[in-house]
Amino acid sequence: MNCRQLAAQVDGYLDGDLDEVGASACRGHLRTCAACRDLADQQTRLRAALAELPPAEPPAHLWAAIDARVGAAEIADSRRGALATGWSRLVAWLRPVAWPVAMVGSAGAIALAVVQLRDAAPSQPLALRAPVIAPAAAPPVRLALRDALDERADLEREADGRFRQVVSELLPLARAEVATWSARRAQAFAHDLERREQAVLVASPGHVRERAWHDLTSYLERVALGEQVALGGGR
Amino acid sequence: MASTAVSDIPRPRADLAAAAMDDATLIAACRRGDARAMELLYHQYKRRVFGLCHRIVGPVDAEEVAQEVFVRVFRGLAGFRGDAQLGTWIYRLAVNCALTQAGKQRRRQEVGDDHLEEVAAPPVASRDPRLSRRVEAAMAELPAGYRAILVLHDVEGLSHEECAAIMDCRVGTSKSQLHKARMRMRELLGPALAAERLPGGEAP
Amino acid sequence: MTARRALAAVVSIALAAPAGAWADDGTDGDGDGVVVERAEFQAGVVGRPVGVIAIDNSLGDVRIEGYDGTTVTVIAVKHAPDAASLRRLRVESLANPDGSVRLTTLLTDRGGAERPAVALAAVRVDLTVKVPRAATISGRVTTGRLEVANVDAGADLDSSTGPIVVRNVAGVVFARSLAGSQRFEEVFGSLDSHAVDGDLAFDSVRGAALTARAYAGDIAGRGVASKQVRLTSISGSIDLEAEPQAGGSVTVTSLRGAVDVRLRGTVGVAVRARAGGRVTLAGAATPTTADRWIEARYGARRDRAAVQVESRFGDVSFALMQ
């Protein structure tokens, strides 16, 4: 056995995967080669160090967070009542793993703004009519050279702005249509609308949010044009 | 071992009486929405799931990914066909979620094949007495997939058969990946592993 | 190479070492140098058919083309004003054991002199991806062009302001854009398209359903032969030339835009139309009001297609072609 062969076999040797002949050959080479003994020593040490890494303890509040998310998802299911189609599964797969948990706090403030927008009744105090994705949440202006990342954030804000404008134009049209509906259907509409607005609010910027905007605007388009929309669910 | 510390905190002992449930009973109870069963399943797997997430995506995102894993577990139990062990299925979800997240992370330190060459010898604080901290740092430099196999096999102590089932690959692939991961670790840690020998003396 | 392929069996690979960086190097001092780096690599899990391939490129164009092979080949071309900025551009590839492949481009944070600030217009990454025909495509761009051709298992496409172009695709196709135009040629399958300000164009679309909605954009269709066709706009115009299917439907609705529908083929149709403006039915102007439908029937009685054309405030015209 030479050093190169040993390097290839050392894992199997240390893991006890080699047969007696192979193991003996390794031992034989290690007896005579200091460099390979070093290699084997280091591998042994590495294994021990890995096995002894301090365990990462799950935080105590983890269960509560999971329980809450499962509960929220089930409530959403009960409202949706739709079967997962192949596409919705694909979409679920595409959804970023990291849910914007941290956003929930800031979304609270924004949620109010959406409701304001939807109920832009004259009796509402004007001061409350903030834009949906309020630029109030924008980071402080930096004096450093503007960067592509800043420009992209601007583009995202612009896109939000355009969608917001479209929603504000569609809402009166949709509401005029809904005014001719039964109270029960009108309530279902309000509920569906809210669900779609929530989806916009929790979506992270970029395509995920644009998707939620598309869902909201095309829903309003359908209602505004007097189409039969599946209430309480459906795309 | 001290490993029971956290799970013992405020949990009523009565819950643990159900611990005798086998996987099939547990799954059936969870599917019925039995809250205690769900919590029990969580406690059974939380440490390893969180450990996998923690080692693969790092401390910042670990909690979020672990949440995602368990949400997927509970949401997916209805479709769990039982063609794999429950544990294998859960760890596979965990590894997939963690790898997906690792792929998305915009780390300040970008890690990738092209970059690794440049950081082959990380600045090792040679006075750092804790090898494990260096090991963690070196692991963070590995491509995420290497990290995954290294965690499954060498940290969590799973067999190659289990690793292969979790990573959905052949046993041979699992072995060769692990070999490469260890070699990369040795390159990254080289000085640290060697230095450790001098003062410390005995190998563990 | 075998090492890399084996690695792909489990994991994510950052962009393979550049196949060749050639450039003006940006050091010529006048500031308008361009550094270009081109890399070609394969993505996917060896020995596993590619199921879903998801490509997310917010830094430039994406061109996805199906072919009769089994591997996914990616050509990534990065442009930046200088080598330091180029280092901020990354292409990541993630191959999952389930056969799904995800490609993502990203612009990393600034990092001092090593990774200086750069203007968005000065950097770009274009991806050309050859995929097995049977792969299901998911593609996203922001301002770049998203092009998909010759695939058989559908596509899910998003763009913000860049155009979407789809050619010779089978399967279920979804497309969404804010201001980007969308153009579809030879789509065999259900198609669902939504744009806010972008125009939508369809040429030779045949499937169970074609649903297209534009807010301010115009919609134009030629050779549309899907069974259920529904086109809607709020302020854009709609111009459709379609071949109704037996027992199918063609519904075209606009709030403010003009609607012009021409049908050809052998299937009988039952038409109803109304408009806030003028209604022209089969060449004859017909008086109507916005709240009254005009109905007419043409051709064979069996399996008539139901046709509805409407503009709340605009003009409507309907014609049969020989």
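Letters A, B and C mark the chains in the order given here, with residues in each chain numbered from 1 onward.
Here is the rule we go by: a contact is a pair of C-beta atoms (placed from the backbone, for glycine too) under 8 Å apart; a residue touches a chain by one contact, two chains touch by 3 or more.
These numbers come from a predicted model, not from an experiment.
Participant: Using C-alpha centres only, name the chain that sits farthest from chain B.
Facilitator: Following the centroid criterion, the farthest chain would be C.
Participant: By Cα centroids, which chain is closest to the centre of the whole protein?
Facilitator: Central chain is A.
Participant: Decide which interface, A-B or B-C, involves more C-beta pairs in contact, and give its chain pair.
Facilitator: Answer by contact count: A-B.
Participant: Express in whole angstrom the distance between the two chain centres, defined as the mean CA positions of chain A and chain C.
Facilitator: The separation of the two C-alpha centroids amounts to 23 Å.
Participant: Chain B to chain C: how many Å between their CA centres?
Facilitator: 39
Participant: What's the distance between the Cα centroids of chain A and chain B, rounded to whole Å?
Facilitator: 21
Participant: Indicate the residues of chain B shared as contacts by at least two other chains.
Facilitator: If we look for residues of chain B contacting two or more partner chains, we find 100, 104.
Participant: Could you list the positions in chain A whose residues touch two or more of the other chains?
Facilitator: Residues: none.
Participant: Out of chain C, which residues touch more than one other chain, so two or more?
Facilitator: Answer for chain C, listing residues that touch two or more other chains: 109.
Participant: Which residues, counting only chain A, touch chain C once they are in their complex?
Facilitator: 87, 90-91, 93-94, 144-149, 151-152, 155, 159, 162-163, 166, 169-170, 173, 206-207, 210-211, 213-214, 217-218, 221-222, 224-227
Participant: Contact residues on chain C for chain A in the complex?
Facilitator: 52, 54, 56, 58, 100, 107, 109-110, 117-120, 122-123, 136, 138, 140, 142-143, 156, 158, 160-161, 172, 174, 176, 178-179, 194, 196-197, 213, 215, 232, 234, 253, 255, 312
Participant: Hey, which residues of chain A end up touching chain B in the complex?
Facilitator: Within the complex, chain A touches chain B at residues 11, 38-39, 41-60, 62-63, 65-67, 69-70, 73, 96-99, 101.
Participant: Quick one: which bits of chain C touch chain B in the complex? Just the residue numbers, please.
Facilitator: Result: residues 3-4, 6-7, 9-18, 90, 92, 94, 96-98, 102, 104, 106, 108-109, 111 of chain C touch chain B.
Participant: For the complex, give me every residue of chain B touching chain A.
Facilitator: 3, 6, 9, 35, 38-39, 42-43, 46-47, 49-51, 54-55, 59, 61-68, 70-71, 74-75, 97, 100-101, 104, 131-132, 135-136, 150, 154-155, 157, 175, 178-179, 182, 185-186, 189-190, 193-194, 196-197, 203-204
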